[in-house]
Structure formats: C-alpha cells, structure tokens
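Both complexes shown next keep subunit A, but they swap its partner, so subunit B is in the first and subunit C is in the second.
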Partner chain A sequence: MTGGRKLLGHAALLLPPFGWLTVFYLGSLFALLLSAFWQVDSMSGEILHEWTLDNFRILVTDSTYRVIAERTIGIAVLVTITDIILAWPLAYVIARKVGPRMKLVLLVLVALPLWSSMLARIYSWRLILGHDGVLNWFLRTAGLPEQSFAFTNVALWIVFTYLWLPFMLMPLVSALERIPASLPDAAGDMGATPFQTFRTVIFPLAIPGMAAGSVFTFAVTLGEYVTPMLVGGAGSEFIGNVVYSNVGVSGNIPFAAAYSMILLVVVAAYMLLARQFGAFDGA
Partner chain B sequence: MKGFSALLLATCCTAMMAQAQAADLPTSVGKGEGDLNVVAWEGYADDVWVKPFEQQSGCKVHRKYVGSSDEMVALTRMGGGKGFDVVSASGDAALRLIFGKNVQPVNISLIPAYGDLMPELKEPSFNTVKGVHYGISYEWGPNVLMWNTKTITTAPTSWSVIYDKAHAGVITVPDNPIQIADAALYLSHTKPELGITDPYELTQPQMDAVVSLLKEQRPLVKKYWALASDEVDLFKSGDAQVGAAWPYQANTLRAANVPVQDTIPTEGATGWADTWMISTHAEHPNCAYLWINHVMTPKVQAQQALSFGETPANTKACAEMDTMQPGSCKQYHADASAAYFSTIKFWKTPVKQCGNGQNNCLDYAAWQRAWQQVKQ
Partner chain C sequence: MRNVALWGAASAVLAFLLLPLLIVLVFAFDASSVQVWPIHSFSLKWFYATWADEEVRSALLVSLEVAGLATLFASVLGTLAAVGMNGLSSRAVQIGSFFLTLPIALPGVLTGIAMNSFFTALEIPFTMMTLVIAHTTFCTVVIYSNVMARLRRLPRSLLEAAQDMGATPFRGFVSVTLPLLSGAIVSGMLLAFALSFDEVIVSTFTSGSETTLPLWIFGAIRLGQHMPEVNVVVFAVVAVTILPIIIGQKLAASASRE
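Our next item is the complex of A and B:
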C-alpha cells in the first residue's frame, strides 16, 4: 500500500520534467519531421499541407545537396582533429605542469574570448585574412609571399578551429587532471620511457575527454551557418546555409526541414560513437 | 463550348473580384495612427526624409531592412503579414505578394503624385493586375557592371569580364536567384542559337546552358554578396575588383575614396523597379497612405535618387535633382526616354507560363534550386 503511494509520488515528481521534454523538445522535433512531408506553393509561397515525398526525392537525386552535406561533415571532422592536436600541449601544461594559481590564469585566458560576441570574433578574422589584412601585411613585412585565404574553405577551417578550441580544451584538461599521478609514476618505475608512458597510460585515459570535446567541436561546426556566410566564399555553403536560405529567405520550410534531418541523423550517430569512447562517463 | 463557359466564368469572377476590391478601397486618408512599420531595401527609409515625415504626420517609423527580394517576401509574410504596413517591393517580389494576398489594392486617387508618374510606370504589369493597382511605382535602376579602376585600367564594355578567367578570384556577383537572369541576358547575345528572348522566361534547355555558364564562373568568384554592404567591404579590402552591383555600391565606394567606375555594358542590363505596397493586414493604413504620399513628393524622390543612385518615377523630381546637384537629372536618367527605359530588362517573377503562350518555362522554385546548384 505504502509502496503504491511511493510510486505515485515518484510519478508525480517525474511528470513535470517529462511533460516539458515531451511538449517542447519532442513536440518540436515531431513538427519538424511532419513539415518535411509538406510543400510550398511556388507562386504564392503558402505552405500546402499535402503529403509528398518530393523534398526527399530532390535531396536524393540532386547531387548539390550531397556535395554540401559532404563538405559540412568533412570540415567538421577536420576541425575536430585540428582542435585535438592544438589542445593537447596546452591542456597537458594546464592540467599537469603548473601550480593552482597559474592554472587559474591560463584557464581564464582560454575562456576569455568566449566573453565577447562570436560575431565580432568572426569579423575580426575577416580583417586578419583579407587581401589587405593583418596577415598579408605581416607576410609582406617579413618578405614572404602573400596568401589569399579570405573567403575560402581554408578560412572556414581556420576560423572554426579557433572558435571551438576552448570547447575541446576544457574537457581535455579535466580528463588529464583526473589521472592519478601514481599511474605515470608506476609506469616510470616499471622502466617505461616518457613516450611509452604517454602512449600506453596518459593518452588512453584522456580519450573520454577528447571524445567529449569532439561532441562540441563536431556537432557545433555541423550546424553552423554564420561563419560560412561571413568568411566563406563561392563553394562554401553548409547544410545550415541551405536551411537558412530556405527558411529565412524563401520561406520553404518543408524543404529546410527535410534537409535538416541529415544533421539530426549525423549528430545522433556521432553521439553514439562518442559514447563508446566514454564521452559521457565522467558526467 | 467548354472553353466558352470557362471564359464566361473567368470574366464574371474577375468582374466580381474587381468590384469587391473597389468597394474595399479607402475613400479618404484619415489621421495617422501614430506608428508605421516599414519593410524596405537598405537605404530606402533614410532619416533625411523619415524625420520630416514623422514630424508632419505623427507616425513613428519602424524600419526593417532586407538584402534580397526573397527575404522581403519572407519577412512580410511572417506572422501572417500582420507585422508590417508598407513594403518597397521590387518587380520579382511584387507579383508574389499580390498572388499570395499579402498586399491590398490602393486607391490611386488618394495619391496626388500618381498623375506625375512616368507613363511606363503608371500601371506596369508587376504592380497592376487586371486594372487593379496594388501599389505605386517608386524608383528604378539598372544592375550595373562595376570595377576598380586602379587594377582594371581599360574600361570594360561587356559582361564578359565577369566570366573571364583573367579575373579569377576577384569577381563578386549577387547571391540571388535573379542573378540567373543576368547570365541569361549575356547568353542571349553570345549564344543566340539558344533562342533566349526574355531573360526571365527560360525553358529547361536554356536554363541548363545558363547554369553551366554560372558553374564555370563559380571558381572565379571570390564571394557571392548577400547585402550591399558586403560588396562594399569586398571592394574596400581589395578582395574583389570587378562585379555586378547597384549604383548604390558605386556611390558608397566613391564616397569612401575607393576608385570604382560603373557602366551598363553593350548587352544591356537587368534592372529593378520598386513599388510601395500596403499590407493586407496593415494596422496603420492611414500612416501607410501618408507615407506613400510623402515619399512620392518630388523632393523626397530626388533625395532618394541621389542617395541611392537610382531614378525617380515622378517626372517632377528632375528639376528638384538639378537644384540639389546640378546635372544629376541627366546623370541619373530622370529625364529618361521610353527608348532608354526599354533597354533595361526589369525584374519579374519567373512563372511557368512563357510570354509566347507556351507552358514550358521554369517557375521561381526551379530558379531557386538552379541557383543552389550553382553555388553548391
């Protein structure tokens, strides 16, 4: 009897969060899924609530959308790998080489850019990479050949890598911190060289941190559309840009919904993969 | 017989529609409601003429700027079109707004300046349907070829420069499906065998040819510009040196001491003609009429023309322009002859129905997809 009442109490406690999740989160996802099967009247621009697979047919048959999806995923992978490589040395120093005071200073410095507007940071890269920009001024002064990264996919790669580096760094730092000092010490006692210690002890134990960081860098790059719009050039469209131009510009919400399904599927697949590598274990 | 009854039905319904709309037209302009929500092109609601309007009418102007016709249509439709009162729609958006029932017929007898409009713009097909006026023609102009005179020293006379590998990496063109028409216009001269007579009426084979030209152009393009300010930035930083532009960008750049020149090449140019239209759901219809009457006065027409680099629809603006800036009436073609007007192919919404009665032209949705294919 009391057990039944307890169960009821638990249910009452769980109802509000579950209701919230269902209505706001799953509800909007469901609406998205549903609208992907509708179409838009090309002349009046009104949404016609008639079932059609046209949107998906266009996505499958028109190679344009495959090319854009491949570019989006490709650059997201590239950015993730670059951020892992760039984050390692600094994360290692912060986690294991400096005192508490210095650690705080370094962590604040890493987080500092996040206190400013992302838009301002992206625009500042336009000033750096532009034809008459800071980088070329520097190269000219140093007597080196000028570059033209501005408005290319290289610019996208650089700016994304810069934007998301803190999101890779933080989980990596906390993963490295958690490795007890006794483990590398023990490896050393057993005669392992520093490189062997790193390869067999430290790196494997940091994998969950990298996996967690990569969920940020990969998923966030995948859904971005502002950076491609501002620093990308001809042939820099992302999935997000196609969605943006279909919703914000031409009002074709059904097609945008159908295309954004790709993001949903890819991110879900990536999350499952990251979970295998322990991305969500520490939480 | 069937055809005849269909015709009869069409006639009766059109007549009824026209009658119903005539009955709905306001008969006088009342006192302003205090606010006016404007959706306009960048530079179309400048403080220079907005401030005097606010003082005279008591209508506070709230502005929203857009960068493309598509965006303009999307914005005016948001929330069922209740959020705006007036919009400065170009020819490619105007018909979509009319057929989407987003704008209401206007009573031209309440707009005194209507009598002074250029004859060609009194009832153009992009804002007047079956004799019903859905707005008042405002200003117009061509899409010009613009280049940096420091790096390109011989003045180009053909659109061919923006398809030329010699300028790879320094070309910029608008990020807009209507850019397809510019390429179609160029092809109508260079490849007459395609049989393109109207750049807004393309069959599938003609579109394929245009898309393949634009795909060849893509690797040469530095960036497709979405906002006028984007192109200004590109020319300022030296990232772009030649491209398709509006006279507005050329004026802005010259004012910032960037050495640019612009021209209408020998192939002619596409162009736009804008119309002030009133929302079907306008919450401030009196302010809307007051606004249109204000911006159609010769003085505001002249101010707008000089600041944006375009041509007024009101013929009386010519004299005003010359007072403000001697010689500008001629320079901005405010005294344009019908012959000059006819060299510009004005933006209109591509529809399935071709001008020759055939039904095999591509509609706007197909244009949009083609443009996405080009940009990839």
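Our next item is the complex of A and C:
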C-alpha cells in the first residue's frame, strides 16, 4: 500500500468522528462565543443578533456575579484541597501496602461510587444531613449535640468532597504505584527517618498524580449547579446556577453564555497550571 | 503505631466513600413515606407503586432510548476514531484525543449551554434528537479510549499477515481487527450507556420537554415530591449503572489478559 493511499484511509476513518465533533461540539462552542455578544429583547424575549458588550458590562459591574464567581472558585479550591488530604491514606494503602488481590478489591470499591449515579450520591447526603437524618441519629445516640448542616455551604463542601474523591484517589494511586520501592529503601539506608523519606522522596514524586486529580475535582466542582440546588442553601448559588436559571426561567441565553465564559477561562488557566506540575505526563 | 494510624485513616475514608451509597440503597425498602432514620419498617410496596407510575415509566423509556441510541452512535464514531488514529504520529494522536475529551473534560454546564446556544441559533427544536446528539458527543470518548487501549496492545503482525494473504484493508479490518476489538468495544459501550443513563447536567440544556430518568429524579428531589418513589428510582438507577460497570470492567480485565 502506498503512503498516499494509507493517509487517505486514515482520513476516511477519521472524517465521521471528527466531522461530528467539529459540527456539534466546536460549532456549539462557537455559538456560545457568539451568543455572549448578543442580547435578549426585553419586550419579546427574542434573541437580538446585534453585537453588544452589555452582558460583560453587567458581569463586571454587578457585584452579585463577582460574589457568586468567588464562591464557586473558592469552594472548588477548598474541595480540591480536602480531597487531596482524604485521598492520601487510602491511596497509600492501596498502592503500597496490600497484595494484588486486595488491591483489586479496594480499587473496585473505590470505583463503585465513581460510576454509580451522581444524583443518587447527592441524594444520599440529604438522607444523612437532614434534620431526622442518619447523622443526627448518630449524634443523639452518642449523646452529642445535633447539627443542622442541611442546606448550608458546609453541606456543599461535604457533598462535593464526597462526590469527587474517587477522581483524586485513582491518579494518586497510579502515581504512588509508579514509585520504585528501591527509592524509599535507599532513603532509609541513607539514614532518613520515615517522615523525611515521605517528605523528600514519596511526596514530590506523587505531585503529578495530585495535579491530575485536582484537574478533575476542580473542574467538575466549578461547573456544578445540581449539588448547590439540592443540598445548598440561600447563599449557595454557583456560576452554574446563574447559567441554569438564565436558560430555563428567564430565557436569557446571551447572558448565560457570557457568564459561562468565566468557567472556560478558569478551567483553561487551571489546566495550564496543572500541566506545569506534570498533571498530563502520566497518561 | 504509625501503621495503625494509616490503616485507621484509610478505613475511615473507605467508609466515607461507601456508607452513603449503602444508606441510599436501604431507603428504597423503607415502608414509610417520610425520610426518617432509623427506618422502622421495611416493605417492597414502593417498588410496586413506582413501577405503576406512568411518569416514571415514560422517563425510564426516554432514558433507555437516548442511552441506547447515543451508545450505538458513539460506538461507531469512537471505534472509527481509534482505528483511524492508530498508527499516526503520537503528536497527532495527542491532539485528536484532546479534542475527543473536550466535551467531557470541560464542565457539564459549559457543554450544556454551548449546545443549547448552538441548537437555538440554528433554530433546531429541542427533542429527543438533540438529547441523542448531545449524549453521543460526550460518550464517544469512552469508546475511543477503550478501543485505543486495546489497539495499543494488538501486535501489528496480525493485520500484516492478513494483507500478505491478499486481504484488502477493508476485509482485513472486518475479519481480523474488528473481532479482536469487540471486547473493548462492548465494554466501552457499557460504560457509555451508564454515563448517558445517569447524565443530568447536559440533558437539562438539551432536552426541551423530554424528561429522562435523572431529570425526573432531579425535579422530584428539588420540589420534595414523590420522595418514596425517588428512593426506589435511585435504587434502580444505582443498580442499572453499577451492573454494566462491573461487567465492563471484567470484560476489559479479561481482554487485557489475553
């Protein structure tokens, strides 16, 4: 087969998938970009195809939207940090402390919540954090004061941390698995204490794994509106909620499009940052 | 001592991951119509009531249709992408994978609003078709990465042998490559189906008046209505998504051992 025909074969195979992607996805992103510069006729509710920067002007001048953006990004950062901390002990045990059989069992157990329904997992926390929920029953039984986390930003923090923890665990496990046992052994032979070995050998080598996990935990939290709606309270609106209500209720797609651009910019910036820490080197 | 602390912390985190899932499954058998822990009496009555609910049944049907069609289209597109990219330079593969991953890597709200703007701008009405298009777009990458992983492990000599025996590239693909990829395609399809079956964020923006099962759950929880039925539907959704995952993982694992 000649090189030309071979290339033609590749092109023929790639045309349908990339044609689809170009039309429906890149086309959509392009439409999003255009919509952000349009506006809605306040009388008819029709979208006016006239260029305007009004949407962006409102976003910059109205402090409500800045507060919501700060909350969204702040909670996404908090959730990412919490997930890093929670992921460490379990990831370390899975990667370096158990045999291959036990490792498989633990990996399946970790993947189970990851693949089961997101709504079901959010809903489970309504059953746990509710006034008559599992947590308060537990606290009553233990003789501790009852809590009312339901519909607060604390609930949001707990639920997000829970939802995306497997996304942090998986890449951290594979990063830890890749560290050859000889390295910490050598550090020990040289007289390093276990803590020194951890700090100077294991932790630095696990940074790409944490960076990869953080791309997921950060980006998915950032783009959420379901969790804030179901477990959040009055002051829990996310960027996604503004986008959602502008599409559903008030029908102002151009404004929603402009606001969602913040997500695109922040996620892109975060991915570039994570790449510096080797987030995409493992794949 | 250090080990005790490590294992203790690891077990606590594992419990944090699994207990909520267990709790939500148990509530499906709660006979009461209000959600109070501990559960006083168990019953299957809400299973019957939920199955009899027309709204739930039609939402289930929509979900099955959308997930089925999206999985089918995605399996064709994803397989073509993987086979087409196999053998290209690693730079080209990297760029191609990046584009395929975008719809799933970018926040769901962004994908949702983008597709909503697209269909609105082209004045395409929101129907089941727009749902299928949206779901196909983010499911394709699941099939692609599964097939790509399998292709990387396939020895090139197999296909070359077929060609040496005089098979056309098409014939070689159909009778040699495709059968070898079938396990990866099927396990990818199970993952894609589960992904689509559970999708709520992109669906909200592309569904119009169609209600999928996740959209029904979302609406019911938000309004605090039909809560006993929500428990049962949630139980069913978890069961329906977990089973294909376990089968899919098993298939993928056995394929990689071959």
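Operating definition for what follows: the second predicted complex is superposed on the first by the 257 of 283 C-alpha atoms of A that agree within 3 Å, B and C clash if a C-alpha of one lies under 4 Å from a C-alpha of the other, contacts with A are read in each partner's own complex, and residues count from 1 in each chain.
What we mean here is this: a residue touches a chain if its C-beta (ideal position, glycine included) is under 8 Å from a C-beta of that chain, and two chains touch if they have at least 3 such contacts.
Treat the numbers as computed from the prediction; the structure is a model and nothing was measured.
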Requested in this report: Mind working out whether A:Ser124 is in touch with subunit B, subunit C, both or neither, as first, second, both or neither?
Outcome: second
Query raised in the report: Given the touch rule stated above, what does A:Met229 touch, subunit B (first), subunit C (second), both, or neither?
Result: both
Query raised in the report: Just subunit B (first), just subunit C (second), both, or neither: which does A:Ala150 touch?
Result: first
Query raised in the report: In the superposed arrangement, does A:Gly133 touch subunit B (first), subunit C (second), both or neither?
Result: both
Query raised in the report: Is A:Ala212 contacted by the first partner subunit B, the second partner subunit C, both or neither?
Result: neither
Report task. Please indicate which partner A:Phe24 is in contact with in the superposed arrangement: first for subunit B, second for subunit C, both, or neither. Result -> second
Query raised in the report: Touch check for A:Leu14: first (subunit B), second (subunit C), both, or neither?
Result: second
**Report entry** Partner chain(s) touched by A:Ile84 [first = subunit B, second = subunit C, both, neither]
**Finding:** neither
Query raised in the report: Given the superposition on chain A, which partner contacts more residues in subunit A: subunit B or subunit C?
Result: C
Report task. Identify the overlap between the subunit B-contacting and the subunit C-contacting residues of subunit A. Result -> 126, 130, 132-133, 229, 247-248
Query raised in the report: Which bits of subunit A are touching subunit C when the two form their complex?
Result: 1, 9-14, 16-18, 20-21, 24-32, 34-35, 47, 86-87, 89-90, 92-94, 97, 106, 108-113, 115-121, 123-128, 130, 132-134, 137, 162, 165-166, 194, 219-220, 222-226, 229-230, 239-240, 243-244, 247-248, 253, 256-257, 260, 263-264, 267
Query raised in the report: What does subunit C use to touch subunit A in their complex?
Result: 2, 6-7, 9-10, 13-14, 16-18, 20-21, 23-24, 27, 34-38, 76-78, 80-81, 83-85, 87-88, 96, 99-100, 102-103, 105-111, 113-118, 120-122, 133-134, 136-137, 140, 144, 163, 169, 191, 194, 198, 200-201, 204-205, 214, 217-218, 221-222, 230, 234, 237-238, 241-242, 245-246, 249
**Report entry** Sites on subunit B touched by subunit A in the complex
**Finding:** 68, 70-71, 73-74, 77, 96, 99-101, 169, 218-219, 221-224, 226, 233, 237-239, 349, 351, 363-366, 368-369, 372-373, 375-376
Query raised in the report: Which bits of subunit A are touching subunit B when the two form their complex?
Result: 40, 42-46, 58, 62, 64, 67-68, 126, 130-133, 148, 150-151, 229, 232-235, 237, 242, 245, 247-252
